[in-house]
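One chain, chain A, links the two complexes that follow: it is found with chain B in the first and with chain C in the second.
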Partner chain A sequence: MAGIELKNIKKSFGDKNQVEVIKNIDLDIKDGEFVVFVGPSGCGKSTLLRLIAGLETPTAGQVFIGGKDVTNHSPLERGIAMVFQSYALYPHMNVYDNMAFALKLASRPKEEIDVAVRAAAKTLNIDHLLNRKPKELSGGQRQRVAIGRAIVRKPEVFLFDEPLSNLDAALRVKMRYEFARLGETLGKTIIYVTHDQIEAMTLADKIVVLNNGYISQYGAPLELYKRPENIFVAGFIGSPKMNSIKAKVINTNAKEAQILINNHSEITIKINSDLRIGDDVTVGIRPEHLFISENKGLLDAKLQFVEELGHAKYAYFETADDKDSEVKITLQLAPEFNAKIGKNHSLSFDLSHIHVFNKDGKNVTLF
Partner chain B sequence: MEKLKSLFFNLIVWLLVFLVAFPLLWMVTTSFMHSGEAASFPPPLLPKSPTLNAYHELFAGNHIEVYFFNSVILAVCATILSLSFNVMAGYAFAKLRFKGRDAMFNSLLSALIIPAQVGMMPLFLLLKTFGLVNTYAGALVPWIASVFGIFMVRQFSQSIPDEMIEAARVDGANEFQIFTKLIIPNLTPILVTLGLFTFLGSWNDFMWPLIILTDNQSYTLPVALAVLSREHVQDSELMMAGAVITVLPVLLLFLVLQRYYMRGLLAGSVKG
Partner chain C sequence: MNKSPFNTALAGYLFVAPAMIAIVVFFFGPALAAFILSFTDFDIYALADINNLRFVGLKNYSELLANPLFWTALKNTLFFVFVGGPLSMAASLSAAILLTENSVKLKAFIRTIFFAPVVTTLVATAVVFKYLLHTKYGFINFGLSKLGINPIDWLGDPHWAMPAIIVFAVWKNFGYNMVIFIAAIGSIPNDLYEAAKIDGASPWQRFLNVTLPALGPSILLVSIMTMTGYFQLFAEPYVMTQGGPAEQTVTVLYMMYEQGFKWWNLGSASAVAFVLFAMMLVMTLIQGQIAKLQGVK
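Moving on to the complex of A and B:
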């Protein structure tokens, strides 16, 4: 049993702790969950992982692994294994010795080490590479060795720090699938850090979206996609990102609000929080929930660019909001739609998929 | 045109090689001449009938093997001491986090501008107080740690990825195990380079052994040769044989370790 609990974790760097990277984080990860930390560069996701690994000491707060307070324990005492972004293989050792290193340090019997290394190598399909040095391996093979080095120790928790970011696109997709399979095979608690939201969506049981040292939202991938709690999560999860259109509240009661979009279209949505007349809000709508309307729609926009991906087609429109600022709108087109660049279109959207964010960025839509 | 250019540069290189190698070659050939032969006019380039007389006299008459042995002992000990201290300090300055690390390193670097000779007298007085004058321990003191050595190791250590050290920590290695099992093997090129520099420096050092070693039985080769040259000022053949004995071991050492040494020297320029 090795769930992970973080209580009021803070981490600052600098001589006088002037750079606050992690700002009071509470998190509860259940045993056996595959959790992905995702967020933009500098949001603190890798620092949070290193705090769990014991490679950094928190400025405040506690780390619990398997119910035990490990805040001041060394990485070894935490029962974790970590795979680094650069793989961090030992260049002077061959694959076998790289994988056996931790067990040798623990003075385990030679036979046991041999069985463990060969079994892990077979699982990862690298048993034919055991005598090679890291420099003689490809990126994908190095990645497997790094994972193998983690597996042989049979830890309770696996930590992966952007393990696919150094691989090319094709290999990344392949390894992503292998990671998903590995997660199921191991059945251990896994924390995986990435800035790629597709990796997060495809691998995770739960996603932690971090922004500026805080957790923006923690939940299942589809929950984050369908019900983002704030405008940051709405924009970060989903590709292409959710469209954001500035709007104004023109009428409201406790349960509903009337919103004016683009100075001429009114929509009514159910809300779960107080809005006041005159409030500036942001309307969010995903590209797949927008469509080109034959009649007068909610927005008029000019087609600027079409992205043909084969399986999908994305159109990029430009319009103006109520302050006459330029707004870019992305829309998923039907594959057979014949788009003409420069043409004006009227756009509509499915009101059941709309999100309204108040001026603080909080999602106030009632789902 | 290209061919002419290449020929010209080749000629220049060969000329430089000749200028550098000629004194060394003449040293070797003279050491095989009969006594007084090198002083004849015009001076011969090659011995008329090669002989080992000069070497025989060096070993039988002047016990050069004692000084050779002294030099070997001191150079080997200096190399071991220098490698141990400089590598540990250089690694610590590069990779370990401790308060005042950068300030301490900068103050060490600033000490580089002080010439070694300036420190000799205070060091001598200090060692005299400790009773280390005329001892090998006293002769080894200046070699224990050098700012240049620490700097070299630090620069090279910085190219070792932090993640590799952290991976070892996660694998359960303590700081000593990280140092011995990971850092030392990865520092091999710079260890060879620093070791060679130190060995050469100690082997060729004349001034400090002359100051600190007063008993002629503990003289090193350069000091012994200087004394010998005063006694046998006219005997060029004997002097050259002594010079060959002095130069040959370090030349061989350099050639054997050249591969690693070059890698160590180039490392800083090609590694991130």
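Moving on to the complex of A and C:
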């Protein structure tokens, strides 16, 4: 059993701790969960992983693994294994020795090491590469060796730091699938850091979205997609990202609010938090929930560009908000729809999929 | 414009010509002349009248090998190379590791202090060391006397003269290789150390399994440079001991100097130089071979 619990974790860098990278994080990861840390560059996701690994010491707070306070324990004592973005294979050792290294250091019997290494190599289809040096391997093979090195130790927790970011697109898709399979086979707690939201959405049982040293939201992938708690998560999860349109509250009561979009259309939505008349809000709507209306829609916008992806077609529109600032809107078109670039279209959206964010960026929509 | 292969090649040759001419005139030419000299009895008489020059075949080499002083000089040189060389490298590596540790403060200052002897004039530092090692007034014997140890005649005792020169040479030279090692250690990815930490490696095991293998090419470079440099030991005994006591600090190069510029036997001196060159070449090839066997490139 090795769930992970972080309590009030803070981490600062610099001589006087002036650069605060992790700002008071609480997190509870259940045993056997596949959790992905996702966020933009510099959000603190790798630092958080390193704090769990024991490669960094928190400035404040505690780390628990399997219910035990390991805040001041070495990486070895934490029962974790980690796969690095660069793979960090020992260049002078062959694949076998790389995988066997930790067990050799632990003075395990030769036979036991041999069995563990060969079993892991077989699982990862690298048993024919055991005598090769890392420089004689392709990126994908190195990746497998790095995973193999983690597996042989039979840790309770696996930590992966952007393990696919050095691979080409095709190999990344293949390895993503293998990671998903590996997660199921191992049945251990896995923390996986990435900046790629597709990896996060496809692999995770739960996603931690980090922004600027805080957890923006923690939940299942679809929950984050369908019910983002704030405008950051709404914009970060989903590709193309959710459209944001500035709007104003024109009428409200405890349960509903009437909102004016673009000085143009009024919509009414159910809310879970107070809004006041005159409040600036942001209306969020995903590209797949927008459509071109034959009649008068909620917005008028000019088609600028169409992106053909084969399986999908995205149209990029431009309009102006109530302050005459430029607003870009993305819409998923039906594959057979022939749009004319430069033409004005009337756009409508499915009100049941709308999100309204208050001026602090919090989602106030009642789902 | 005509760009025939000949013209392209000519342009290339013209570009390298100044450097090549300098190398031929100031290195290959004199080296070849010295090699030819080693088969002659070129001496002070030949300097006065070239007609006194005679071709003597391998006589200089056979006389050299029959000269007991050559074997003493060779023994002293090898002692210096095989004791001083590794000692110097160990000091360089230790200093480099110390100066790449995160916990060490004032790194730039310590690095400057360690490197300073390299850029200080050898003769000046040798004179300072002569005083430090002085039997009666030297600071080292003063320190030893505080520990209850009798004064040692560092440069006058046949047993201590060469070790004293080794200590001086190590102090003088280790800073140079230290800089090479610092650069090499700095290029080792930090991920490797972290991976080793997670694998459970202690600091010593991390040094053995990450630092040392990664330093292989630098160690080869430094060992060849140190060895070739140490084979040419001359200035230290020349300034500090003049080859004494009891010829215990006469080195092969010192012997060459005496043959050539004290006794004006330039033919014999050339033979000494080429014997030294042959030894250094063989040693370098052996080192290269050892490195190859260990997979260092």
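FYI, the second predicted complex is superposed on the first by the 367 of 367 C-alpha atoms of A that agree within 3 Å, B and C clash if a C-alpha of one lies under 4 Å from a C-alpha of the other, contacts with A are read in each partner's own complex, and residues count from 1 in each chain.
The rule we apply is simple: contacts are C-beta pairs under 8 Å (C-beta built on N, C-alpha and C of every residue); 3 or more make two chains touch, one makes a residue touch a chain.
Only a predicted model underlies this, so the values are computations on that prediction, with no experimental measurement involved.
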{"item": "Three-chain arrangement built on chain A, chain B and chain C clash or fit", "value": "clash"}
{"item": "Which superposed partner A:75 touches (first chain B, second chain C, both, neither)", "value": "both"}
{"item": "Which of chain B and chain C A:105 touches, first, second, both or neither", "value": "both"}
{"item": "Which superposed partner A:305 touches (first chain B, second chain C, both, neither)", "value": "neither"}
{"item": "Touched partner set for A:177, first chain B, second chain C, both or neither", "value": "neither"}
{"item": "Those residues of chain A which chain B touches in one complex and chain C touches in the other", "value": "53-55, 74-76, 80-82, 84-86, 88-92, 101-102, 105-106, 149, 153"}
{"item": "Residue ranges of chain A in contact with chain C within the complex", "value": "53-55, 74-76, 80-82, 84-86, 88-92, 101-102, 105-106, 149, 153"}
{"item": "Contact footprint of chain A on chain B as seen in their complex", "value": "161, 163-164, 166-173, 177, 182, 185-186"}
{"item": "Footprint of chain A on chain C - complex, ascending", "value": "189, 191-192, 194-201, 205, 209-210, 213-214, 216, 295"}
{"item": "Residues of chain A touching chain B in the complex", "value": "53-55, 74-76, 80-82, 84-86, 88-92, 101-102, 105-106, 149, 153"}
